[in-house]
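Presented below are the structures under discussion, each in the form of C-alpha coordinates.
Consider the two complexes below, in which chain A is the common component and chain B and chain C are the respective partners.
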Partner chain A sequence: MAEYKLDCFGEACPLPLVKTQKKMETMNVGDVIVVEIDHSCAMKNIPDWARAAGHNVDIEEINDGEWEVIIEKTK
Partner chain B sequence: MESKKRPARKRRNQVPIALGLLLLIIIAGIMLAGVNSMLAIYWIFGISFGIVLQKSRFCFTASLRDPVLTGSTTLTRAVLIAFMVATVGFGAIQFKALLSGVAGVPGNIFPVGLHTAIGAIMFGIGMVIAGGCASGTLMRVGEGFMQQWIAIVFFVVGSVWAARDFGWWSVNVIMPTSISDGVTKGFHLPTAFGWGFAFFGQLIILAAIFLFADWYEKKKLNKVPLEN
Partner chain C sequence: MKISNHPLYKTIIKDAWSYTTGAVLLALLNISMFAVGGSPWGITTAFSNWGSWVFRSLGGEPEKWAFYAANKGNFNALMETSFFTNTQSLQNIGIIFGALLATLFASQFKVKKIKSWRQVLAAVLGGLLMGYGARLSFGCNIGAFFSGIGSFSLHGWVFGIFLLLGAWIGSKLLVRFFMT
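Showing the complex of A and B:
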(Lines of atoms letter the chains of each structure in order from A and count residues from 1; the text may use other names and numbers.)
(Lines give C-alpha, C1' and ligand atoms only; values in the text may rest on other atoms or scores of the structure.)
Protein backbone atom coordinates (compact mmCIF):
# COMPACT_ATOMS: atom_id res chain seq x y z
CA MET A 1 0.00 0.00 0.00
CA ALA A 2 2.49 2.56 -1.17
CA GLU A 3 1.64 6.21 -1.57
CA TYR A 4 3.15 8.17 -4.40
CA LYS A 5 3.26 11.90 -4.95
CA LEU A 6 3.24 13.45 -8.40
CA ASP A 7 4.20 17.11 -8.55
CA CYS A 8 2.48 18.65 -11.55
CA PHE A 9 2.52 22.27 -10.41
CA GLY A 10 2.93 24.62 -13.32
CA GLU A 11 2.14 22.03 -15.95
CA ALA A 12 -0.57 22.69 -18.52
CA CYS A 13 -3.50 20.52 -19.34
CA PRO A 14 -2.66 17.23 -20.96
CA LEU A 15 0.67 16.75 -19.16
CA PRO A 16 -0.60 16.00 -15.63
CA LEU A 17 -3.05 13.48 -17.05
CA VAL A 18 -0.48 11.72 -19.22
CA LYS A 19 1.99 11.59 -16.31
CA THR A 20 -0.73 10.20 -14.03
CA GLN A 21 -1.64 7.52 -16.56
CA LYS A 22 2.03 6.51 -16.97
CA LYS A 23 2.60 6.39 -13.19
CA MET A 24 -0.60 4.40 -12.58
CA GLU A 25 0.62 1.71 -14.94
CA THR A 26 3.64 1.04 -12.72
CA MET A 27 1.61 0.94 -9.49
CA ASN A 28 0.14 -2.07 -7.71
CA VAL A 29 -3.53 -2.48 -6.84
CA GLY A 30 -4.27 -0.65 -3.61
CA ASP A 31 -1.52 1.90 -4.10
CA VAL A 32 -2.46 5.55 -3.82
CA ILE A 33 -1.21 8.42 -5.92
CA VAL A 34 -1.51 12.06 -4.97
CA VAL A 35 -1.36 14.33 -8.01
CA GLU A 36 -0.68 17.96 -7.23
CA ILE A 37 -2.05 20.30 -9.89
CA ASP A 38 -2.71 24.00 -10.38
CA HIS A 39 -4.21 23.90 -13.87
CA SER A 40 -7.99 23.98 -13.64
CA CYS A 41 -8.39 21.86 -16.75
CA ALA A 42 -6.45 18.95 -15.23
CA MET A 43 -8.80 19.18 -12.28
CA LYS A 44 -11.49 17.96 -14.63
CA ASN A 45 -9.80 15.49 -16.94
CA ILE A 46 -7.74 13.54 -14.38
CA PRO A 47 -10.73 12.67 -12.14
CA ASP A 48 -12.87 12.03 -15.25
CA TRP A 49 -10.39 9.57 -16.66
CA ALA A 50 -9.69 7.87 -13.31
CA ARG A 51 -13.39 7.45 -12.52
CA ALA A 52 -14.05 6.12 -16.00
CA ALA A 53 -11.24 3.62 -15.51
CA GLY A 54 -12.93 2.53 -12.27
CA HIS A 55 -10.48 3.87 -9.68
CA ASN A 56 -11.37 5.62 -6.43
CA VAL A 57 -10.93 9.36 -6.74
CA ASP A 58 -10.93 12.20 -4.26
CA ILE A 59 -10.27 15.88 -4.95
CA GLU A 60 -9.09 18.35 -2.37
CA GLU A 61 -8.49 22.05 -2.89
CA ILE A 62 -5.40 22.52 -0.77
CA ASN A 63 -4.94 26.17 -1.62
CA ASP A 64 -6.50 28.82 -3.87
CA GLY A 65 -6.16 27.32 -7.32
CA GLU A 66 -4.14 24.33 -6.13
CA TRP A 67 -5.64 20.89 -5.94
CA GLU A 68 -4.68 17.39 -4.92
CA VAL A 69 -6.27 14.57 -6.85
CA ILE A 70 -6.01 11.40 -4.79
CA ILE A 71 -6.44 8.20 -6.77
CA GLU A 72 -6.49 4.69 -5.38
CA LYS A 73 -5.71 2.05 -7.93
CA THR A 74 -8.45 -0.57 -7.74
CA LYS A 75 -7.61 -2.88 -10.59
CA MET B 1 -11.54 6.16 0.54
CA GLU B 2 -8.78 6.08 3.07
CA SER B 3 -6.20 8.80 2.88
CA LYS B 4 -4.08 10.53 5.42
CA LYS B 5 -5.49 13.85 6.50
CA ARG B 6 -3.27 16.60 5.31
CA PRO B 7 -3.07 19.82 7.25
CA ALA B 8 -5.31 22.31 5.48
CA ARG B 9 -3.39 25.39 4.50
CA LYS B 10 -4.85 28.68 5.54
CA ARG B 11 -6.68 30.14 2.59
CA ARG B 12 -7.23 33.77 1.84
CA ASN B 13 -10.83 34.91 2.02
CA GLN B 14 -11.62 35.97 -1.54
CA VAL B 15 -15.08 37.40 -0.86
CA PRO B 16 -13.91 41.01 -0.26
CA ILE B 17 -11.86 40.86 -3.48
CA ALA B 18 -14.89 39.53 -5.37
CA LEU B 19 -17.15 42.30 -4.04
CA GLY B 20 -14.53 44.94 -4.91
CA LEU B 21 -14.18 43.52 -8.40
CA LEU B 22 -17.96 43.43 -8.87
CA LEU B 23 -18.11 47.10 -7.88
CA LEU B 24 -15.31 47.94 -10.35
CA ILE B 25 -17.12 46.03 -13.12
CA ILE B 26 -20.34 47.96 -12.46
CA ILE B 27 -18.53 51.33 -12.34
CA ALA B 28 -16.64 50.53 -15.55
CA GLY B 29 -19.92 49.43 -17.16
CA ILE B 30 -21.65 52.70 -16.24
CA MET B 31 -18.65 54.71 -17.52
CA LEU B 32 -18.65 52.75 -20.80
CA ALA B 33 -22.40 53.25 -21.18
CA GLY B 34 -21.75 56.99 -20.93
CA VAL B 35 -19.43 56.79 -23.94
CA ASN B 36 -21.48 54.35 -26.01
CA SER B 37 -24.22 51.99 -24.81
CA MET B 38 -22.94 49.24 -27.14
CA LEU B 39 -19.59 49.27 -25.29
CA ALA B 40 -21.36 48.51 -22.01
CA ILE B 41 -23.18 45.61 -23.66
CA TYR B 42 -19.89 44.20 -25.02
CA TRP B 43 -18.38 44.61 -21.54
CA ILE B 44 -21.15 42.67 -19.80
CA PHE B 45 -21.25 39.99 -22.51
CA GLY B 46 -17.46 39.54 -22.33
CA ILE B 47 -17.46 39.16 -18.56
CA SER B 48 -20.46 36.80 -18.58
CA PHE B 49 -18.80 34.70 -21.26
CA GLY B 50 -15.62 34.51 -19.17
CA ILE B 51 -17.53 33.44 -16.04
CA VAL B 52 -19.39 30.70 -17.91
CA LEU B 53 -16.14 29.53 -19.53
CA GLN B 54 -14.31 29.37 -16.20
CA LYS B 55 -17.08 27.84 -14.12
CA SER B 56 -18.00 25.20 -16.69
CA ARG B 57 -14.33 24.34 -17.35
CA PHE B 58 -15.35 24.54 -20.98
CA CYS B 59 -12.36 23.95 -23.21
CA PHE B 60 -12.33 23.69 -27.00
CA THR B 61 -8.85 22.17 -26.83
CA ALA B 62 -10.00 19.39 -24.51
CA SER B 63 -13.09 18.79 -26.65
CA LEU B 64 -10.82 17.68 -29.49
CA ARG B 65 -7.92 16.26 -27.48
CA ASP B 66 -9.65 14.21 -24.78
CA PRO B 67 -11.39 11.77 -27.15
CA VAL B 68 -7.94 10.72 -28.34
CA LEU B 69 -6.22 10.92 -24.96
CA THR B 70 -8.82 9.53 -22.55
CA GLY B 71 -11.84 8.59 -24.62
CA SER B 72 -13.99 11.15 -22.83
CA THR B 73 -16.28 13.05 -25.18
CA THR B 74 -18.18 15.08 -22.56
CA LEU B 75 -16.69 18.36 -23.79
CA THR B 76 -16.90 17.30 -27.43
CA ARG B 77 -20.64 16.85 -27.04
CA ALA B 78 -20.89 20.17 -25.19
CA VAL B 79 -19.18 21.91 -28.12
CA LEU B 80 -21.49 20.17 -30.61
CA ILE B 81 -24.54 21.39 -28.66
CA ALA B 82 -23.05 24.90 -28.70
CA PHE B 83 -22.64 24.62 -32.48
CA MET B 84 -26.27 23.54 -32.85
CA VAL B 85 -27.50 26.44 -30.73
CA ALA B 86 -25.31 28.80 -32.75
CA THR B 87 -26.62 27.33 -36.01
CA VAL B 88 -30.22 28.03 -34.96
CA GLY B 89 -29.36 31.52 -33.65
CA PHE B 90 -27.25 32.70 -36.58
CA GLY B 91 -29.61 31.00 -39.03
CA ALA B 92 -32.50 33.01 -37.57
CA ILE B 93 -30.53 36.29 -37.70
CA GLN B 94 -29.44 35.73 -41.30
CA PHE B 95 -32.83 34.51 -42.49
CA LYS B 96 -34.52 37.52 -40.92
CA ALA B 97 -32.03 39.81 -42.68
CA LEU B 98 -32.80 38.01 -45.95
CA LEU B 99 -36.57 38.44 -45.48
CA SER B 100 -36.25 42.13 -44.65
CA GLY B 101 -34.25 42.58 -47.84
CA VAL B 102 -30.96 43.78 -46.34
CA ALA B 103 -28.21 43.54 -48.93
CA GLY B 104 -25.54 40.98 -48.08
CA VAL B 105 -25.55 38.36 -45.32
CA PRO B 106 -24.76 39.55 -41.79
CA GLY B 107 -21.96 37.77 -39.98
CA ASN B 108 -18.33 36.87 -40.60
CA ILE B 109 -18.37 34.84 -43.78
CA PHE B 110 -15.00 33.78 -45.12
CA PRO B 111 -13.82 31.75 -48.06
CA VAL B 112 -13.15 28.07 -47.32
CA GLY B 113 -10.62 25.85 -48.98
CA LEU B 114 -7.38 24.04 -48.43
CA HIS B 115 -6.08 26.98 -46.39
CA THR B 116 -8.87 26.37 -43.83
CA ALA B 117 -7.67 22.80 -43.28
CA ILE B 118 -4.00 23.81 -43.10
CA GLY B 119 -4.76 26.62 -40.66
CA ALA B 120 -6.97 24.34 -38.53
CA ILE B 121 -4.22 21.72 -38.20
CA MET B 122 -1.64 24.38 -37.30
CA PHE B 123 -4.01 25.90 -34.75
CA GLY B 124 -4.77 22.45 -33.34
CA ILE B 125 -1.11 21.62 -32.79
CA GLY B 126 -0.52 25.04 -31.25
CA MET B 127 -3.45 24.93 -28.88
CA VAL B 128 -2.58 21.50 -27.49
CA ILE B 129 1.02 22.61 -26.83
CA ALA B 130 -0.06 25.96 -25.36
CA GLY B 131 -2.67 24.21 -23.20
CA GLY B 132 -5.62 26.15 -24.50
CA CYS B 133 -7.28 27.78 -27.47
CA ALA B 134 -7.82 31.53 -27.59
CA SER B 135 -10.70 31.70 -25.12
CA GLY B 136 -9.26 29.00 -22.88
CA THR B 137 -5.88 30.73 -22.71
CA LEU B 138 -7.50 34.06 -21.88
CA MET B 139 -9.58 32.43 -19.15
CA ARG B 140 -6.53 30.77 -17.57
CA VAL B 141 -4.55 33.99 -17.76
CA GLY B 142 -7.28 35.39 -15.53
CA GLU B 143 -7.12 32.33 -13.28
CA GLY B 144 -3.43 33.06 -12.71
CA PHE B 145 -1.80 30.13 -14.47
CA MET B 146 1.63 31.63 -15.25
CA GLN B 147 2.57 29.42 -18.19
CA GLN B 148 -0.37 30.75 -20.12
CA TRP B 149 0.78 34.31 -19.54
CA ILE B 150 3.65 33.40 -21.86
CA ALA B 151 1.22 31.76 -24.29
CA ILE B 152 -0.97 34.88 -24.44
CA VAL B 153 2.04 37.12 -25.21
CA PHE B 154 2.94 34.99 -28.23
CA PHE B 155 -0.71 34.63 -29.16
CA VAL B 156 -0.89 38.41 -29.45
CA VAL B 157 2.44 38.56 -31.32
CA GLY B 158 1.22 35.90 -33.76
CA SER B 159 -2.14 37.60 -34.29
CA VAL B 160 -0.54 40.99 -34.94
CA TRP B 161 1.95 39.44 -37.33
CA ALA B 162 -0.82 37.60 -39.17
CA ALA B 163 -2.89 40.76 -39.43
CA ARG B 164 0.11 42.65 -40.86
CA ASP B 165 0.73 40.04 -43.58
CA PHE B 166 -2.90 39.09 -44.19
CA GLY B 167 -3.01 40.88 -47.54
CA TRP B 168 -0.20 38.74 -48.93
CA TRP B 169 -1.72 35.47 -47.65
CA SER B 170 -5.09 36.50 -49.00
CA VAL B 171 -3.79 37.04 -52.54
CA ASN B 172 -1.25 34.21 -52.69
CA VAL B 173 -2.74 31.42 -50.57
CA ILE B 174 -6.41 31.97 -49.82
CA MET B 175 -7.48 33.06 -53.33
CA PRO B 176 -5.88 30.17 -55.26
CA THR B 177 -7.06 27.42 -52.87
CA SER B 178 -10.45 28.86 -52.08
CA ILE B 179 -13.64 27.27 -53.44
CA SER B 180 -15.57 30.52 -53.21
CA ASP B 181 -16.01 33.00 -56.04
CA GLY B 182 -13.85 35.69 -54.54
CA VAL B 183 -12.03 36.59 -51.37
CA THR B 184 -14.48 39.23 -50.27
CA LYS B 185 -17.52 37.10 -51.02
CA GLY B 186 -16.83 34.16 -48.75
CA PHE B 187 -18.51 30.77 -48.81
CA HIS B 188 -22.04 30.81 -47.44
CA LEU B 189 -23.71 27.41 -47.10
CA PRO B 190 -27.33 28.58 -47.56
CA THR B 191 -26.34 30.56 -50.68
CA ALA B 192 -24.60 27.51 -52.09
CA PHE B 193 -27.05 24.74 -51.11
CA GLY B 194 -30.29 26.55 -50.31
CA TRP B 195 -31.62 27.50 -46.89
CA GLY B 196 -33.53 24.35 -45.94
CA PHE B 197 -30.76 21.98 -46.95
CA ALA B 198 -27.98 24.05 -45.34
CA PHE B 199 -29.83 24.73 -42.08
CA PHE B 200 -31.34 21.33 -41.40
CA GLY B 201 -28.43 19.52 -43.04
CA GLN B 202 -25.99 21.20 -40.66
CA LEU B 203 -28.17 20.31 -37.64
CA ILE B 204 -28.49 16.70 -38.77
CA ILE B 205 -24.72 16.39 -39.35
CA LEU B 206 -24.00 17.89 -35.93
CA ALA B 207 -26.52 15.52 -34.32
CA ALA B 208 -24.91 12.58 -36.12
CA ILE B 209 -21.46 13.59 -34.79
CA PHE B 210 -23.03 13.92 -31.33
CA LEU B 211 -24.38 10.37 -31.47
CA PHE B 212 -21.05 9.12 -32.79
CA ALA B 213 -19.21 10.86 -29.92
CA ASP B 214 -21.59 9.28 -27.41
CA TRP B 215 -21.09 5.83 -28.92
CA TYR B 216 -17.30 6.36 -29.10
CA GLU B 217 -17.08 7.24 -25.40
CA LYS B 218 -19.13 4.22 -24.32
CA LYS B 219 -16.98 1.96 -26.46
CA LYS B 220 -13.71 3.46 -25.14
CA LEU B 221 -14.79 3.43 -21.50
CA ASN B 222 -15.95 -0.16 -21.63
CA LYS B 223 -12.54 -1.04 -22.95
CA VAL B 224 -10.49 0.92 -20.40
CA PRO B 225 -11.13 -1.18 -17.25
CA LEU B 226 -10.35 -4.38 -19.15
CA GLU B 227 -7.00 -3.02 -20.25
CA ASN B 228 -5.82 -2.22 -16.73
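Showing the complex of A and C:
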Protein backbone atom coordinates (compact mmCIF):
# COMPACT_ATOMS: atom_id res chain seq x y z
CA MET A 1 0.00 0.00 0.00
CA ALA A 2 2.43 2.65 -1.17
CA GLU A 3 1.61 6.36 -1.22
CA TYR A 4 2.93 8.58 -4.00
CA LYS A 5 3.06 12.36 -4.32
CA LEU A 6 2.81 14.13 -7.66
CA ASP A 7 3.83 17.81 -7.70
CA CYS A 8 1.79 19.55 -10.40
CA PHE A 9 1.98 23.08 -8.99
CA GLY A 10 2.39 25.66 -11.75
CA GLU A 11 1.15 23.30 -14.46
CA ALA A 12 -1.88 23.90 -16.65
CA CYS A 13 -4.30 21.48 -18.32
CA PRO A 14 -4.02 18.87 -19.56
CA LEU A 15 -0.61 18.12 -17.99
CA PRO A 16 -1.75 17.29 -14.42
CA LEU A 17 -4.33 14.84 -15.79
CA VAL A 18 -1.95 13.13 -18.24
CA LYS A 19 0.77 12.88 -15.57
CA THR A 20 -1.72 11.36 -13.11
CA GLN A 21 -2.90 8.82 -15.70
CA LYS A 22 0.69 7.80 -16.56
CA LYS A 23 1.67 7.46 -12.89
CA MET A 24 -1.42 5.40 -12.04
CA GLU A 25 -0.54 2.87 -14.74
CA THR A 26 2.64 2.00 -12.79
CA MET A 27 0.85 1.69 -9.42
CA ASN A 28 -0.55 -1.43 -7.74
CA VAL A 29 -4.17 -1.86 -6.63
CA GLY A 30 -4.57 -0.28 -3.19
CA ASP A 31 -1.82 2.28 -3.74
CA VAL A 32 -2.66 5.94 -3.18
CA ILE A 33 -1.54 8.97 -5.17
CA VAL A 34 -1.71 12.56 -3.90
CA VAL A 35 -1.75 15.04 -6.80
CA GLU A 36 -0.88 18.62 -5.82
CA ILE A 37 -2.50 21.17 -8.14
CA ASP A 38 -3.05 24.94 -8.32
CA HIS A 39 -4.98 24.96 -11.59
CA SER A 40 -8.72 24.93 -10.93
CA CYS A 41 -9.59 23.02 -14.15
CA ALA A 42 -7.47 20.10 -12.93
CA MET A 43 -9.67 20.01 -9.83
CA LYS A 44 -12.51 19.05 -12.18
CA ASN A 45 -10.92 16.90 -14.90
CA ILE A 46 -8.72 14.70 -12.66
CA PRO A 47 -11.55 13.66 -10.28
CA ASP A 48 -13.98 13.31 -13.22
CA TRP A 49 -11.60 10.92 -15.00
CA ALA A 50 -10.67 8.97 -11.84
CA ARG A 51 -14.32 8.49 -10.79
CA ALA A 52 -15.28 7.37 -14.31
CA ALA A 53 -12.41 4.86 -14.16
CA GLY A 54 -13.87 3.56 -10.89
CA HIS A 55 -11.20 4.72 -8.41
CA ASN A 56 -11.82 6.29 -5.00
CA VAL A 57 -11.33 10.05 -5.08
CA ASP A 58 -11.12 12.79 -2.46
CA ILE A 59 -10.36 16.50 -2.93
CA GLU A 60 -8.87 18.69 -0.25
CA GLU A 61 -8.33 22.45 -0.38
CA ILE A 62 -4.97 22.89 1.31
CA ASN A 63 -4.45 26.63 0.75
CA ASP A 64 -5.80 29.58 -1.28
CA GLY A 65 -5.87 28.23 -4.82
CA GLU A 66 -4.12 24.96 -3.93
CA TRP A 67 -5.68 21.52 -3.81
CA GLU A 68 -4.73 17.90 -3.25
CA VAL A 69 -6.55 15.27 -5.26
CA ILE A 70 -6.22 11.96 -3.46
CA ILE A 71 -6.87 8.86 -5.53
CA GLU A 72 -6.86 5.24 -4.39
CA LYS A 73 -6.31 2.76 -7.21
CA THR A 74 -9.08 0.17 -7.00
CA LYS A 75 -8.43 -2.01 -10.02
CA MET B 1 -22.83 30.84 10.76
CA LYS B 2 -19.64 31.81 8.99
CA ILE B 3 -20.31 33.05 5.48
CA SER B 4 -17.80 30.54 4.09
CA ASN B 5 -20.02 27.70 5.39
CA HIS B 6 -23.23 29.07 3.92
CA PRO B 7 -24.65 26.77 1.21
CA LEU B 8 -25.37 29.73 -1.10
CA TYR B 9 -21.77 30.91 -0.85
CA LYS B 10 -20.60 27.41 -1.74
CA THR B 11 -22.91 27.05 -4.74
CA ILE B 12 -22.54 30.52 -6.25
CA ILE B 13 -19.09 31.79 -5.21
CA LYS B 14 -16.92 28.84 -4.30
CA ASP B 15 -17.74 25.91 -6.56
CA ALA B 16 -17.34 26.02 -10.33
CA TRP B 17 -20.63 26.47 -12.20
CA SER B 18 -21.76 23.71 -14.51
CA TYR B 19 -21.00 23.94 -18.24
CA THR B 20 -24.74 24.33 -18.90
CA THR B 21 -25.06 27.31 -16.52
CA GLY B 22 -22.01 28.90 -18.13
CA ALA B 23 -23.29 28.31 -21.66
CA VAL B 24 -26.73 29.78 -20.95
CA LEU B 25 -25.22 32.87 -19.27
CA LEU B 26 -22.70 33.40 -22.09
CA ALA B 27 -25.50 33.18 -24.66
CA LEU B 28 -27.75 35.64 -22.77
CA LEU B 29 -24.89 38.09 -22.16
CA ASN B 30 -23.76 37.97 -25.79
CA ILE B 31 -27.33 38.66 -26.97
CA SER B 32 -27.51 41.64 -24.57
CA MET B 33 -24.13 42.92 -25.73
CA PHE B 34 -25.24 42.70 -29.38
CA ALA B 35 -28.53 44.45 -28.59
CA VAL B 36 -26.89 47.29 -26.64
CA GLY B 37 -23.55 47.74 -28.39
CA GLY B 38 -24.41 46.80 -31.99
CA SER B 39 -21.74 44.12 -32.38
CA PRO B 40 -21.35 40.73 -30.71
CA TRP B 41 -18.69 39.89 -28.14
CA GLY B 42 -15.05 39.87 -29.26
CA ILE B 43 -11.67 40.15 -27.57
CA THR B 44 -8.67 40.39 -29.84
CA THR B 45 -9.53 43.23 -32.22
CA ALA B 46 -9.05 45.51 -29.22
CA PHE B 47 -5.48 44.23 -28.85
CA SER B 48 -4.77 45.24 -32.47
CA ASN B 49 -6.12 48.70 -31.69
CA TRP B 50 -3.98 49.00 -28.53
CA GLY B 51 -0.86 48.22 -30.53
CA SER B 52 -1.92 50.47 -33.40
CA TRP B 53 -2.67 53.40 -31.08
CA VAL B 54 0.83 53.09 -29.62
CA PHE B 55 2.28 52.85 -33.14
CA ARG B 56 0.29 55.95 -34.23
CA SER B 57 1.50 57.94 -31.24
CA LEU B 58 5.05 57.12 -32.32
CA GLY B 59 4.37 58.51 -35.79
CA GLY B 60 3.28 55.32 -37.61
CA GLU B 61 0.34 55.19 -40.00
CA PRO B 62 -1.46 51.89 -39.31
CA GLU B 63 -4.67 53.36 -40.82
CA LYS B 64 -3.12 52.72 -44.23
CA TRP B 65 -2.83 48.97 -43.56
CA ALA B 66 -5.34 46.76 -45.35
CA PHE B 67 -6.72 45.60 -41.97
CA TYR B 68 -7.98 49.15 -41.32
CA ALA B 69 -8.17 50.71 -44.80
CA ALA B 70 -10.35 47.91 -46.22
CA ASN B 71 -12.70 47.59 -43.24
CA LYS B 72 -14.80 50.55 -42.18
CA GLY B 73 -15.59 49.15 -38.73
CA ASN B 74 -11.93 48.57 -37.91
CA PHE B 75 -11.01 51.98 -39.34
CA ASN B 76 -13.58 53.84 -37.24
CA ALA B 77 -12.58 51.99 -34.08
CA LEU B 78 -8.95 52.97 -34.67
CA MET B 79 -9.52 56.62 -35.60
CA GLU B 80 -12.59 57.60 -33.58
CA THR B 81 -12.30 55.74 -30.27
CA SER B 82 -9.68 55.60 -27.55
CA PHE B 83 -8.86 53.12 -24.79
CA PHE B 84 -11.59 54.48 -22.51
CA THR B 85 -14.29 54.93 -25.17
CA ASN B 86 -13.68 51.71 -27.12
CA THR B 87 -16.34 49.20 -26.04
CA GLN B 88 -14.21 46.13 -26.61
CA SER B 89 -11.23 47.55 -24.71
CA LEU B 90 -13.46 48.27 -21.71
CA GLN B 91 -14.97 44.77 -21.95
CA ASN B 92 -11.47 43.28 -21.81
CA ILE B 93 -10.64 45.28 -18.68
CA GLY B 94 -13.96 44.01 -17.28
CA ILE B 95 -12.95 40.39 -17.96
CA ILE B 96 -9.66 40.82 -16.09
CA PHE B 97 -11.20 42.59 -13.07
CA GLY B 98 -14.19 40.22 -13.06
CA ALA B 99 -11.93 37.18 -13.01
CA LEU B 100 -9.82 38.72 -10.23
CA LEU B 101 -12.93 39.49 -8.15
CA ALA B 102 -14.33 35.98 -8.66
CA THR B 103 -11.13 34.31 -7.55
CA LEU B 104 -10.75 36.64 -4.54
CA PHE B 105 -14.35 36.02 -3.44
CA ALA B 106 -13.69 32.27 -3.63
CA SER B 107 -10.38 32.63 -1.71
CA GLN B 108 -8.57 30.97 -4.60
CA PHE B 109 -6.15 33.71 -5.60
CA LYS B 110 -2.59 32.51 -6.01
CA VAL B 111 0.48 33.85 -7.78
CA LYS B 112 1.73 30.73 -9.51
CA LYS B 113 5.40 30.01 -9.72
CA ILE B 114 7.07 29.50 -13.06
CA LYS B 115 8.10 25.89 -13.25
CA SER B 116 10.56 26.04 -16.14
CA TRP B 117 11.85 28.40 -18.82
CA ARG B 118 10.51 25.95 -21.35
CA GLN B 119 7.03 26.83 -20.03
CA VAL B 120 7.72 30.56 -20.57
CA LEU B 121 8.97 29.97 -24.11
CA ALA B 122 5.94 27.84 -24.95
CA ALA B 123 3.57 30.48 -23.53
CA VAL B 124 5.19 33.32 -25.50
CA LEU B 125 5.29 31.30 -28.75
CA GLY B 126 1.71 30.15 -28.22
CA GLY B 127 0.55 33.71 -27.54
CA LEU B 128 2.21 35.03 -30.68
CA LEU B 129 0.72 32.26 -32.82
CA MET B 130 -2.76 32.79 -31.37
CA GLY B 131 -2.53 36.57 -31.87
CA TYR B 132 -1.35 36.15 -35.46
CA GLY B 133 -4.05 33.57 -36.20
CA ALA B 134 -6.74 35.73 -34.63
CA ARG B 135 -5.87 38.61 -36.98
CA LEU B 136 -5.83 36.39 -40.08
CA SER B 137 -9.24 34.95 -39.21
CA PHE B 138 -10.76 38.24 -37.93
CA GLY B 139 -11.27 36.99 -34.40
CA CYS B 140 -10.36 34.48 -31.74
CA ASN B 141 -12.40 31.66 -30.21
CA ILE B 142 -14.81 34.33 -28.94
CA GLY B 143 -15.16 36.79 -31.83
CA ALA B 144 -14.81 34.32 -34.71
CA PHE B 145 -16.07 31.06 -33.16
CA PHE B 146 -18.62 31.84 -30.44
CA SER B 147 -20.03 35.06 -31.89
CA GLY B 148 -19.64 33.72 -35.44
CA ILE B 149 -21.79 30.66 -34.83
CA GLY B 150 -24.21 32.75 -32.79
CA SER B 151 -24.64 35.01 -35.84
CA PHE B 152 -25.43 32.00 -38.08
CA SER B 153 -22.25 32.63 -40.04
CA LEU B 154 -20.48 29.73 -41.76
CA HIS B 155 -17.06 31.11 -40.80
CA GLY B 156 -17.68 30.25 -37.14
CA TRP B 157 -18.02 26.56 -38.02
CA VAL B 158 -14.92 26.61 -40.25
CA PHE B 159 -13.03 28.26 -37.39
CA GLY B 160 -14.33 25.56 -35.04
CA ILE B 161 -13.03 22.70 -37.20
CA PHE B 162 -9.53 24.20 -37.29
CA LEU B 163 -9.76 25.06 -33.58
CA LEU B 164 -10.23 21.34 -32.84
CA LEU B 165 -7.40 20.43 -35.21
CA GLY B 166 -5.07 22.97 -33.57
CA ALA B 167 -5.99 21.82 -30.05
CA TRP B 168 -5.29 18.20 -31.06
CA ILE B 169 -1.83 19.08 -32.47
CA GLY B 170 -1.17 21.35 -29.46
CA SER B 171 -1.94 18.61 -26.95
CA LYS B 172 0.38 16.19 -28.82
CA LEU B 173 3.18 18.79 -28.67
CA LEU B 174 2.46 19.45 -24.98
CA VAL B 175 2.78 15.77 -24.08
CA ARG B 176 5.89 15.48 -26.27
CA PHE B 177 7.74 18.42 -24.69
CA PHE B 178 6.38 18.65 -21.13
CA MET B 179 5.97 15.10 -19.90
CA THR B 180 9.62 14.52 -19.06
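Going forward, the second predicted complex is superposed on the first by the 75 of 75 C-alpha atoms of A that agree within 3 Å, B and C clash if a C-alpha of one lies under 4 Å from a C-alpha of the other, contacts with A are read in each partner's own complex, and residues count from 1 in each chain.
Quick note on the criterion: contacts are C-beta pairs under 8 Å (C-beta built on N, C-alpha and C of every residue); 3 or more make two chains touch, one makes a residue touch a chain.
All values reported here derive from a predicted model rather than from experimental measurement.
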item	value
Partners on chain A (chain B, chain C) - clash or fit	clash
Which of chain B and chain C A:Val35 touches, first, second, both or neither	neither
Contacts of A:Lys75 with chain B and chain C, given as first, second, both or neither	first
Chain B versus chain C as contact partner of A:Val18, first or second or both or neither	both
Partner chain in contact with A:Phe9 - chain B first, chain C second, else both or neither	second
Touching partner for A:Ala53 - first (chain B), second (chain C), both, neither	first
Broader residue contact with chain A after superposition on the shared chain, chain B or chain C	B
Intersection of chain A interface sets (partners chain B, chain C)	10-11, 14, 18, 38, 40, 43-44, 63-65
Chain C partner contacts - residues on chain A that touch it in the complex	9-11, 14-15, 18-19, 22, 38, 40, 43-44, 63-66
Chain A-facing residues of chain B, complex	1-4, 6, 8-9, 11-12, 14, 54, 57, 59, 61-62, 65-66, 69-72, 74, 128, 130-132, 136, 140, 143-148, 221, 224-225, 228
Touching residues on chain A, where the partner in the complex is chain B	3, 10-14, 17-18, 24, 32, 34, 38-41, 43-45, 48-49, 52-54, 56-58, 60, 62-65, 68, 70, 72, 75
Of all residues in chain C, those that touch chain A in their complex	16, 103, 107-110, 112-115, 119, 171, 174-175, 178-179
